[in-house]
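Take a look at the structures below.
The following pair of complexes shares a single chain, chain A, combined with chain B in the former and chain C in the latter.
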Partner chain A sequence: MDILNALVAFLNFVFIPAAAYGAQLALGALGVTLIYGILRFSNFAHGDTMAFGTAATILATWGLQGLGITAGPLPTALLALPVGIAVTAAVVLGTDRIVYRFYRARRAAPIILVMASVGVMFVMNGLTRMLPGIGVNEIRFADGARFVIEVRSFREWSGLTEGLALKTTQALTLVVAVLVVWALFRFLNRTKSGKAMRAYSDNEDLALLSGIDPERVVRLTWIIAAALMTIAGTLYGLDKSFKAFNYFQILLPIFAAAIVGGLGNPLGAIAGGFVVAFSEVAVTYPWVKVAGYLFPGWQPDGLLQLLSTEYKFAVSFVILIIVLLFKPTGLFSGKSV
Partner chain B sequence: MSDADQPFGNRGNRDASIVNPRPGGSIDGTRKSGPTGAAGSGTPFLIGENMTGGYGRGPDILHDCTIAVEQGEIAVIVGPNGAGKSTAMKAVFGMLDLRKGRVCLNGQDITALNPQDRVKAGMGFVPQVNNIFPSMTVEENLEMGAFIRDDDIRQTMEQVYDLFPAVAEKRKQAAGELSGGQRQQVAVGRALMTRPSVLMLDEPTAGVSPIVMDELFDRIIAIARGGLPVLMVEQNAQQAMNIADKAYVLVQGANAHTGTGKELMANDEVRRTFLGG
Partner chain C sequence: MSTNRQAGASSPWRAPILFAILALLIILEGSWRSALFSGSWNTALAILNMGLISAITALGVNMQWGYAGLFNVGVVGFLALGGLAPVLVSLPPVEGGWAAGGPRVLVALASGLGTLALAVVLWRKLAKSWLRGLVVLAVLIAGFVLYRELFDPAVTAIEANQSARYGNLGGLGWPVLLSWPVGGLFAAAAAWGVGKVALGLRSDYLAIATLGIGEIIVAVLKNEEWLARGVKNITSIPRPVGYEIQLQQNPEFQQAAANWGFPVAEASGIWVKLSYMSLFLVVLLVLILLAELALKSPWGRMMRAIRDNETAAEAMGKNVTNRHLQVFVIGSAVIGIAGAMMITLDGLMAPTGYNPLRYTFLIWVMVIVGGSGNNWGAVLGAVLIWFLWIKAEAWGPQLMSLLTSPLPDGGLKSHLMSSAAHMRFIAMGAVLLLVLRFAPRGLVPEK
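Now for the complex of A and B:
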């Protein structure tokens, strides 16, 4: 039995990819849960707005690269993020101005806002594809150093047969996610504007009577959500590659993460992101290699893969159903579903 | 836009996985305030004068109703169910459109102000229900009460804690976890944080036990003795009149009897109809 090699294989193929993916889902789910808590609807345009934000960041990255500016070992996209966030925030605020505000002023039932967001989703999808150089292409825009830990140098250093790789984008995802979550919680719990947002999500009328401007809270929510969407989308694109359609598909695991954690609860969104990501990777990973190290005498017939990777989105569905059946408020009691 | 008369009814709105079941706001925050004017000499400190009106385009609920409070007084509005007590208070606070009449505060005619600006003008209002931020701590509730203030609020907060020692002990606890009576104290404390010039309470003792009710009345008397005029709507007519400097009995949205609490208690008709003999 070779526990060390099994552990390294597990870290390399399951833990690290799932942690990075989980952090990306968590950032996406945070945005969904924030909009749900304050604007009272699930934003179906979330995935495609993430795509738009990423596309804007890619364009800014190309611009910076054209000027000869890079971030050294880190991806240039990191420098382009503020531009991407600003553009996305402007577009999202514009969307609110011409679509959502109309329904808000009429006190429309929230389901109408949900349906409106489906429309926004299609428009955002088309808008992203019309951006110059973006289209429906698969774009790799990660530059700088590719690895923090390389397979070969790890093998030489440890003397194990299994190698361990940690991509720069994976390490970056985790660091950025931690920083963003820390900043968001600090903002919500310590600053006057953050507390005003929480007050508004608790009791709109009383917030209004306390002198909190509802439209300002709504604007602030959209700006924060736009930042979260752009950061999550860019990190996802750096880690894998950018393809607009993938961002439409990622909507399901993001919703699953937000609901599993408990809608309206930011802490739950983070936990939900990791639960969904780890389940997805664990179920679609062929465990035969790890099993080979743990049980050297055992020769399994198959790859010990529960589901082929094409079915990974089914995992989100199953988790969603299990949570809704047994704990409808999510793991961190959010709104009852 | 009500849901019932739409082709698909309320379908979809009960699915909490896509729609937040929390009720939205009912106050129109987009209504802009009009100008204020001088009230003229001799007007009481706070008065809703000859108020006639109802909610939206609905029928009139108030008919020529007048409610006034002088400095340092406690005024109570009592009356049978559906008499328009809460409506009268909401009218004073600007939450419904008046077709006739005016509202004056501290020598200013504030009829054209929206509720938010009335808070800034010095009204402290405690709604009957949903009057706290349940997921926020007691301290954060008070901070939100003082949202419009830019100066140091710590002194006001200490005064509120002195007034309500029971909630001072729980300042780091979520307000939604407190008992009914303590929630009401938080709600009153939140309204006091703006340092209002008049405090308006909509049935502060609704749904609390008799002991807690006595305690709340004591606190309200203490607030009024401190010089802050109090206008309140009360179900418990007898106790309310006991502490009232002025009492208004409303029937069907109109003033039926007005006088000091003691006068009305002595009035046979009032006793028979509202106080149970």
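Now for the complex of A and C:
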């Protein structure tokens, strides 16, 4: 019985939150890694573009709610996602046309593109704050049913002391992430455009010689990245809450995830997202409860928490450092260093 | 973008004219009370003082970017780390704080660093096998447990000591000016650690690693209350210059103020700010002198050669990674000095104020706009952008009300008016993008 209680506590406080967070990071890291693979620079505007996409989705959600349309037990934001993706894709294509294309045509050093993306980050940040009703506020926009599994009904059903909660947003995150990843990989591996993208990422010159239109590949990349950013941002916002600054801060775990997996490697980005999320949650979770069930005789005097939650960003940083030290190309061998 | 940033010549009058325009703007701010300017010398000097500190920060960033092409995205962290120095150097020690756990904290920190060093040594010395990984991992885990065993009780004891007023260790009680070089040392040490790991890899990796270290340093300052009281803030950091209240009571000063025709209260504020300004100017000029000398020396030529063509420089036998590490550490030290100066000027250590948009990316806009690779350009860009950043707070709503005046009163107009404050970010991003594209060499290009 105690082992079951320990398992449920572990699932409730570590596994489920980390899995949901990992899925959000993986979607974010997929966007970073795609842009890196095709456009060959680290996009610092990624976090703020996620914030913009989420804000657009929130506005569409409010519009739908105003019309009286909801998605029943699911969050209305799910219905609003296509609108958010379309708006974000338009904005992102606009920034590519105005900003990045110029440097791409001149084959500028990647660091110049990184710097340009910092400029885009500023503009995106300002744009997001200027959207009506968004500003710098913290916004909760999840509606519908809050839980798939509730603590109390789980306790009554199982007879355990520990309860298990599965929030709708967590379940939704996992389902959506699986669908998105499935669709993305199918696109990359089975369609002509996807193969063109992979060819371009592997060897630009060879791809050009075989008649692949580079501007088309770039446009496709931005549209897919915009979709990934909006979905990742919306899921993150539904799960926690929306605050523009948090999206700037999530940039570090996302980069860490992409590098851990190997920049430019989509499979690596997914693995990296989960590695970062599980380490972050495992290191900042106070294990005293789980230990109490597993070793009833043992009374530890601390919380058995390795790091306080304020330092969760340190975890992604340390993982990043370890990977850079020992395997700079990442676990799944991304692009050369 | 051309690989050689030294191509083309510009008018020798360009820099003096731009500096004259900047001086004029500040004089207008001080003397002309109107819709655009405040007409208060106190405001003008306050902007200038912060501008000078930004200039020193920009100088540090310019060394890293302009001399070596390194993209440091953790400026905020190095500034914050430098800001720790005035707290630890100049504050009087907290009574009972040191006795409560000071030595133990030091031992804990030493054991933590020792563990890392031991792990590195073992990794290098042991033969390559699966056993090596296990041994190093065991050392790290044991070291972490030991560190926490030593560290946690000490911190609890220190934070319990007079927790309402202090709860920290306090400082050494030395003169605050000493803390400026110490701030530089702190930042240099952190930069060495980051640079050692991230340099020599792809250029983006340094950017991402510095982004991380910046956030971590700020998180440490926010949470480690024994160090600098965390978010409870430290006030009353001693000043290197006089206090307004003493000046106001000084009969000689009252007389002098009357002679100038200023009210005593205003004159004392101006006097204090002028004293700060002269201190800052001395530091700035010394740093520029050293930087210019270094740039003109063989070392400077080598740095520019490396920046313009790493492969060629490497073929000539230059150790590119080591030179990068060197300039990264030096530049970060300059940023640390600026951080210590900023906390000295504010008299307040408030870690929640360290916002990366303001302290990392705004500094970058300053360097790019001013002219990367040119020290005077960085100074010009820093003071100018800081002036515009402050004034944009007032000018944004005015501009917005002008633009929206044809609109009928209502929701849209009031929304646009209220969001004018956020225009600053868009404006700064646009400035960065425009300069990067149309004038990549900045206002005062590299010679």
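To be clear about the criterion, the second predicted complex is superposed on the first by the 334 of 337 C-alpha atoms of A that agree within 3 Å, B and C clash if a C-alpha of one lies under 4 Å from a C-alpha of the other, contacts with A are read in each partner's own complex, and residues count from 1 in each chain.
As a convention for this text, a residue touches a chain if its C-beta (ideal position, glycine included) is under 8 Å from a C-beta of that chain, and two chains touch if they have at least 3 such contacts.
Small disclaimer: the values here were computed from a predicted structure and weren't measured.
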* Can A:Ala199 be said to touch chain B (first), chain C (second), both, or neither? -> first
* Using the superposition on chain A described above, determine whether A:Ile111 touches chain B (first), chain C (second), both, or neither. => both
* Considering only touches as defined above, state whether A:Leu235 meets chain B (first), chain C (second), both or neither. => neither
* Which holds for A:Val323: it touches chain B only (first), chain C only (second), both, or neither? -> neither
* To do: Check whether A:Val315 is in contact with chain B, with chain C, with both or with neither, and answer first, second, both or neither.
  => neither
* Asked: Should A:Leu164 be classified as contacting the first partner (chain B), the second (chain C), both, or neither?
  -> neither
* Pick one for A:Phe248: touches chain B only (first), chain C only (second), both, or neither. => second
* For A:Phe41, decide between first (touching chain B), second (touching chain C), both and neither. => both
* Asked: For chain A, which residues lie in the overlap of the chain B contacts and the chain C contacts?
  -> 41-42, 106, 108-111, 114, 255, 259, 324, 337
* Structure fact -> In the complex, the residues of chain C that touch chain A are 1, 69, 71, 73, 144, 152, 197-198, 201-205, 207-209, 211-213, 215-216, 219, 222-223, 356-357, 361, 364, 368, 415, 419, 422-430, 432-433, 436-437
* Structure fact -> In their shared complex, chain C is touched by residues of chain A numbered 41-42, 44, 99, 102-103, 106, 108-112, 114-116, 118-127, 129-130, 132, 135, 248-249, 251-252, 255-256, 259, 302, 306, 308, 310-311, 313-314, 316-317, 320-321, 324-325, 328, 337
* Provide the residue numbers of chain B that touch chain A in the complex, in ascending order. => 1, 3, 10-13, 15-22, 24-27, 29-30, 115-116, 119-120, 125, 127, 130-136, 140, 143-145, 147-148, 190, 194
* Structure fact -> In their shared complex, chain B is touched by residues of chain A numbered 36-37, 40-42, 105-111, 114, 192, 195-196, 198-199, 201-215, 255, 259, 263-264, 324, 335-337
